[in-house]
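These are the structures, in structure tokens.
Each of the two complexes below includes chain A, the first together with chain B, the second together with chain C.
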Partner chain A sequence: MKKYSQLLTIAILSAVLSVALISCDKSISEPQRVGYTPGSLDEKAGTWKTYVLTAPNDVTLAAPASTASATYQAELTDLKSKSASLSQEQQEAVVYWGAGAVYRWDEIARELAARYNTPSASNADGKYPVPDAANPLADPKFPFANPPYTARMLAYLSVAQYDALVATWNYKYTYKRPSPSKVDATVRVALPTSVLPSYPSEDAVIAAASYTVLKAMFPGEVPFLDAKLAEHQNSRIWAGMNVASDLVAGIDLGNQVAAKVMAKAKMDGMSAANNQTLTAGMVEAAKGRGLTEVWQSQEIPVRPPMLPNYGAVLNWNFDAATKVKLRPVPPPALDSPEFAKALDELKTINNNQTREQARIANYWADGAGSYTPPGHWMRTAANAANEANEARYSEVRMARTLALVATSLMDAGVCCWDTKMFYYYPRPQQFGMKTSVGLPNFPSYTSGHSTFSAAAAEVLSSIFPARTDEFWAQAQEASDSRVYGLIHYRFDCTAGLACGKNIGAYAVARSKADGSGL
Partner chain B sequence: MKLSAKFLIISIFIIPMVAQAQMPHDAIYMGKNQVCVAGLYGQSSWNQYWENTLKRENFNIGTFTMQSVTIMPAIGISKRVNVILSLPYVWTSTSAGNLMGQHGIQDLSAWLKVKAVQTGGFSLHTIVGASIPVGNYVPSFLPMSIGFQSRTATGRLLANYREPKTGIYVTAHGSYSWRGNSTIDQDAYQANDQVYNTNQVQLTNTYDAAVRLGILRKDWQTEVWAERNACINGDNIRRNDMPFMTNNMQATAVGWYGKVQPRNIGLNARVGYVIDGQNVGQSTSYMLGLLYQINFRK
Partner chain C sequence: MLKGKGYFCVTSADFMRLLIYFTVALLFTFAHQTHAQGLAPGILDGFMKGQRKASLAIMASQETYNTYYINTTETKNPNLGTVTTQALTVVGTYGLGYDLDLIISAPYIRTEASAGYFPKQEGLQDVSGTLRWEAFDYKLGKTRLSWLFAAGYSMPMQEYVSDAMVRLGYGSKNLDGRTMLHYKAGPFFITGQYGYIRRGQVTLDHVVNNYDPSQLNPNSGMKVNVPDVTELIVRTGLVTKRASLDVWGQQQTPRTEGTNIGPGIPFPTNGVGFTRVGTTAWLKLFGKVGITATASTILSGRNTGKSTRVNGGLVLGL
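After this line comes the complex of A and B, so read on.
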């Protein structure tokens, strides 16, 4: 038996060693965001140009009670008791929301986009049921948060946040009610403070505006959004940052602005974006211009193209006539040497995709189950503003940044879809290519990734000029990724990049004339 | 896009257990200074899979096939202690749709098998194993990916009873495997209904359990088996979406194994069929192997 026990010992020791080598700590670390004092309070932001509001006083807000009033003093007492000592959970909520209200709601929106970004399954009849907004949690869920849907969702979210904050800054500096800890130094605060007036609470404004937009965009997520809205407001009390009337006023103002923004959304043409009856005419028009083989869905069963009339949705930074002027020149004829050359490049990759090509294709894929390319660039924009160490962004400047990028991304989506459906150009898979990233179900020319990426890079380079090369390198790589993933010809991508840059320039021009001086 | 995950079964579960001649889960040992080298070809395919619990087909995949060739030496340190190594080359394809097949060298596995107790026909074995990715393959392109780019460590306890006269035996074993985190090409991904802003993917640990009933003679072996392989937890494939590495993949499979080795050269074969599962393909698999035994006498 002694021999056996020796063997057992060896075996057990080996087991322990193997486990130790692997290391049992499997925790994953993500970048942590914490509260900060902005480089500037942007005191004059109440005069910045808005998107939907004609003026900040399109929305109204009554004057607050003075800090000397009994009403206010009662609120202050209540605030002190609720912020005096926090549970672990309350502290975590304070830190989470303290990283930035616009930042967090944009992050939530991207997460919702990822969760809703799956195409419907075909049914027994070989048809693809259309998501139903009135029954959002049925199969298929509403919405299908594909790139056009997500671009638009993020644009309305960012515009609502920005317009609401411009109105907020207007009223903050109209009423100039100091924050609670400036009124009473014994208020225990858990986040960095400033002399920014606190009525109405910018956090409550952002929460209400974001909540209203996201509830409309993701109607199946009301309980989830309710919980976020409540936690965000509570976190301001727990942090000692706002009294109750700051929050009530903020919710009221945020709701008013979001209602106006969503009224515009209802009229922008999105309700007709999935008008599939138009595709027959689009096909005929493309053939009439000489295209010998039009795009066809490669899915089995054949799936109708994604939102064929999204190209008719209203743009933010230019009008419909300009959109037509921005449309790229026609792609090469299918029997041209230029097409043959582009297909040859793909054939080479199809035969022997390098690991680096696969990496780039995967990194930028942003396909089903992701927050899409617009989400990817909004994340880049939000992080750039959050990490701008020399002058970290106030909420209103963060919102301005995201609104410029998001409106440009939606403009890019609309223009690109207009181009795609106008030319109705076939995908490389119609010429035998495989794909390592999944094949989008709409025409090839031009590349959506390229258009989105160049528009975003153009805007971001204007806002963060020191990072221009970095943003353009990313846009170029995102564009290349679609060639490496074999779903776009090179000319789809170069045309998309050029068009996206032109689209971004309109948002840049706006940013130079919005009164911010930035 | 929708794919499935039988892949998982093959790449992390079936390949290590593909053959049974002095394998990490039998009670057979090489003698001291003996080496048996197995060259194995395996194929596994499915045309239906479980998307979460929903059994479905996918016209944009048709039939998914994963094939592999594996070199697997078993080395006799002593007649009670064996070391088994395995290194597969794997490639995938589909019969429909346009997903690009993947191919490459997968993970190197090493097993230490120790016969801890032998009393009459009964024996108890402790087996530990570890694997490490060798090829720089893409782990996140399921079901086409050939592996998970994850280190693993496995502890296994195996009990065997063999009736000496007839060679009839029964084997039961259970294992627990730790899986290390995987690094993917993307710097964000969705799992567990949330977005993770990192390129690190946490893979849940796994377990397996199996029973085998067979006859082992000097020159040949035949066996029927049932196996359960499963993750400890994880999320599910979302409706009509791709599978992902964090999915809670589970499979119960049955099959047959046989071996003939009259001299130094032998053959083995295995067939398997998944009868139930979740987040995996319902695969049918087979394996054929050529065995070559070398005696290093001093």
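After this line comes the complex of A and C, so read on.
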């Protein structure tokens, strides 16, 4: 008897232990973003200053059919049938897109940047093949969404979204078509409603404008983007928010604006950003100014510098002459006491990096496989504008916020790359430092993280003044992280922060004069 | 009630004690969500210590690789070179009862790469505590077959960086459950062991940008899952009162798919597996002092270094 009771005991214990080991839930739950009623509808946004459009009526949109017309009534009947009852999948799509159209497309863009932020591997000849836009899914994939590429991609995306929404608000308040649920109270809506006119659909406008920009920026992702575009439009029907003609008009308007924005992108100098033939001249110029040891790639095999001519790409908020004026003063000579002091600080950290220093270095590293510092700051900006209990920005105000931040981030990238290639200053690794955060393959002075972060903090502090200290603390930490990560001297970081703040000020000046009164 | 080795010998007090141990282990699981390295075969074998007997082993090991597996593809990285990991591990074993041992181990680890710019990592890794229970002991003529269970818990002794190629460990808290069949005939023995290591979630230093939906919430937080693994170990050899020599094979398999090493992919979410073979020798020097040595190598793997390891140590009976 005893034998069996013990067998039973062991069996039960084993079973309990196995269940504990194998079946405990390992799912990770995080709060989901949900839709909200904007704090303000921003009725006058149709008059706000645009970036690429000269005026909202640069793009055209025919007047909609009257809500009393048979055409509209037929659309309404169709809408009611499609929104009456939703499958689980449809409900999830409604909630996902309901969090904000600009918010979600910005998030999608960042996700793509992370997926494409992969430097090419060297081939058998010890060379690094250059990604080919005509063959985007070959190895290496096109694009290599490094920080300069990602900054520019996010800037064009945000500008297209913003300009398209200004035009949208113009036509919404020109035609004043009420939303379906205001026309017919029996329409079942799944998201918060407002009195914002529904023609054209702002969601369709954002979807089309974003789709066009992202398709050009990530040509290998067309099927993925097609699916997002279709789901976004469908979600507006399922949610009872837009009739079909609202969406058709939105797609048309979004496409028109995006075409103009991408025409500008083709002319901004990015196609020559990877002109490696210029680097020999840059090295000679830096040596001519007295630099005794220039930057050299520390990778095996040696990798050419990242986009050496990105510093010549057009800026958004100032001209090329201003860019040269914004360039920081020269870094200390390599035999100067200032340099020795900065290197000593790094040596101390190299010998005894604290866990907190490692944490900060890792938190802000945003290296390969991430959506880069520009993406990190766009996340901060989008979350600040989307906080359901605080800002609750309308789509157009969200787009304005992101466009101000994104254009400033691209300006920061261009200025910083101009500075880096102008001075061609060596990295601390050329003086014996290690690094756990990944060694960037371009010159040291000034720090890109510092420049990006200060530009973003300057703009965000102007838009959300109550959070000024928080944004600047983050920018300072991002800047410090590069010293803790041992890939920048302190002076790279202080010069980058100062330059970034000046760059951000141009976007702030624009924001004060864009007619928004914000 | 029977006492001593032989048939079923668990007293009700023993049983209550076991129940408490298992309950504590379970509570740990729920409270912490666990992770880890698994117990090296040298640490967990089928030989019971004996009531109120104890031993202390101090082991030094060196493990090197210049090739690692990205998924299952062998890769050499000129910007990494050869990675060398040295460890000093203290293992204490104490017989709580004639059928129940407590085994505690704590390693101090140093790891560095010969090329590139990865900094050296050094420090205390994961402390583990394991209860080994000999549930059954059959005498079959002059041979003996025993059936053992073990439950272990391990956790990092410090918050080391786990999301890096050159790192001390996984950074997770782990629960380890296993069962063993141990057969001994004269000097010959063979032990088969199957285990499941449940690895808890790890909080990274950064927000994950490039995620695998099965590993992370799309909202991209800092917390990630570490795939659980199963482990199969077979070990056979000869043992006398003066010396032992054995060979063993260990196969660790990720239970969930996990990710593969890649840019932006957190290292802890990678599915890690390997097949390792090794040999271990033990020699009694005098009195209660013995020495032990092990050599092992990885034959195939997934998202891990193709490493060779040697270790040697001093075993003191207390």
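The criterion applied here is as follows: the second predicted complex is superposed on the first by the 492 of 518 C-alpha atoms of A that agree within 3 Å, B and C clash if a C-alpha of one lies under 4 Å from a C-alpha of the other, contacts with A are read in each partner's own complex, and residues count from 1 in each chain.
Quick note on the criterion: contacts are C-beta pairs under 8 Å (C-beta built on N, C-alpha and C of every residue); 3 or more make two chains touch, one makes a residue touch a chain.
Quick caveat: nothing in here was measured; it's all calculated off a predicted structure.
Of the two partner chains, neither chain B nor chain C is touched by A:A340. By the document's definition of touching, both partners, chain B and chain C, reach A:Y363.
Contact with both chain B and chain C is seen for A:R355 once the two complexes are overlaid on the shared chain. By the touch criterion defined above, A:E299 reaches both chain B and chain C. Once chain A of one complex is fitted onto chain A of the other, the partner contacts of A:R115 extend to both chain B and chain C. When both complexes are overlaid on chain A, the residue A:A263 reaches neither chain B nor chain C. By the touch criterion defined above, A:Q32 lies against chain C but remains apart from chain B after alignment on the C-alpha atoms of chain A.
Comparing the two complexes, residues 10, 14, 18, 21-22, 24, 26, 28-31, 110-111, 114-115, 118-119, 298-301, 350, 353, 355, 358-359, 362-363, 365, 367-371, 376, 379, 429, 433-436, 439, 486 of chain A contact chain B in one case and chain C in the other.
Of all residues in chain C, only 7-8, 10, 15, 18-19, 22, 25-26, 29-30, 33, 78-79, 115-120, 135, 149, 151, 158-161, 163-164, 175, 177, 179, 196, 198, 201, 204-207, 209-210, 216-217, 219, 221, 223-225, 228, 255, 262-265 touch chain A in the complex they form.
Chain contact summary for the complex, chain B toward chain A: residues 1-2, 56, 59-60, 80-81, 96-101, 112, 114-118, 126-130, 136, 138, 140-141, 144, 151-155, 178, 180-181, 184-190, 193-198, 200-203, 238-242, 244. Touching chain C in their complex are the following residues of chain A: 2-3, 6, 9-10, 13-14, 16-18, 20-22, 24, 26, 28-33, 110-111, 114-115, 117-119, 298-301, 350, 353, 355, 358-359, 362-371, 375-376, 379, 429, 433-436, 439, 486.
Against chain B, the residues of chain A that register as touching in their complex are 4, 7-8, 10-12, 14-15, 18-19, 21-24, 26-31, 107, 110-111, 114-115, 118-122, 139-141, 298-301, 350, 353, 355, 358-359, 362-363, 365, 367-371, 376, 379, 429, 433-436, 438-439, 486.
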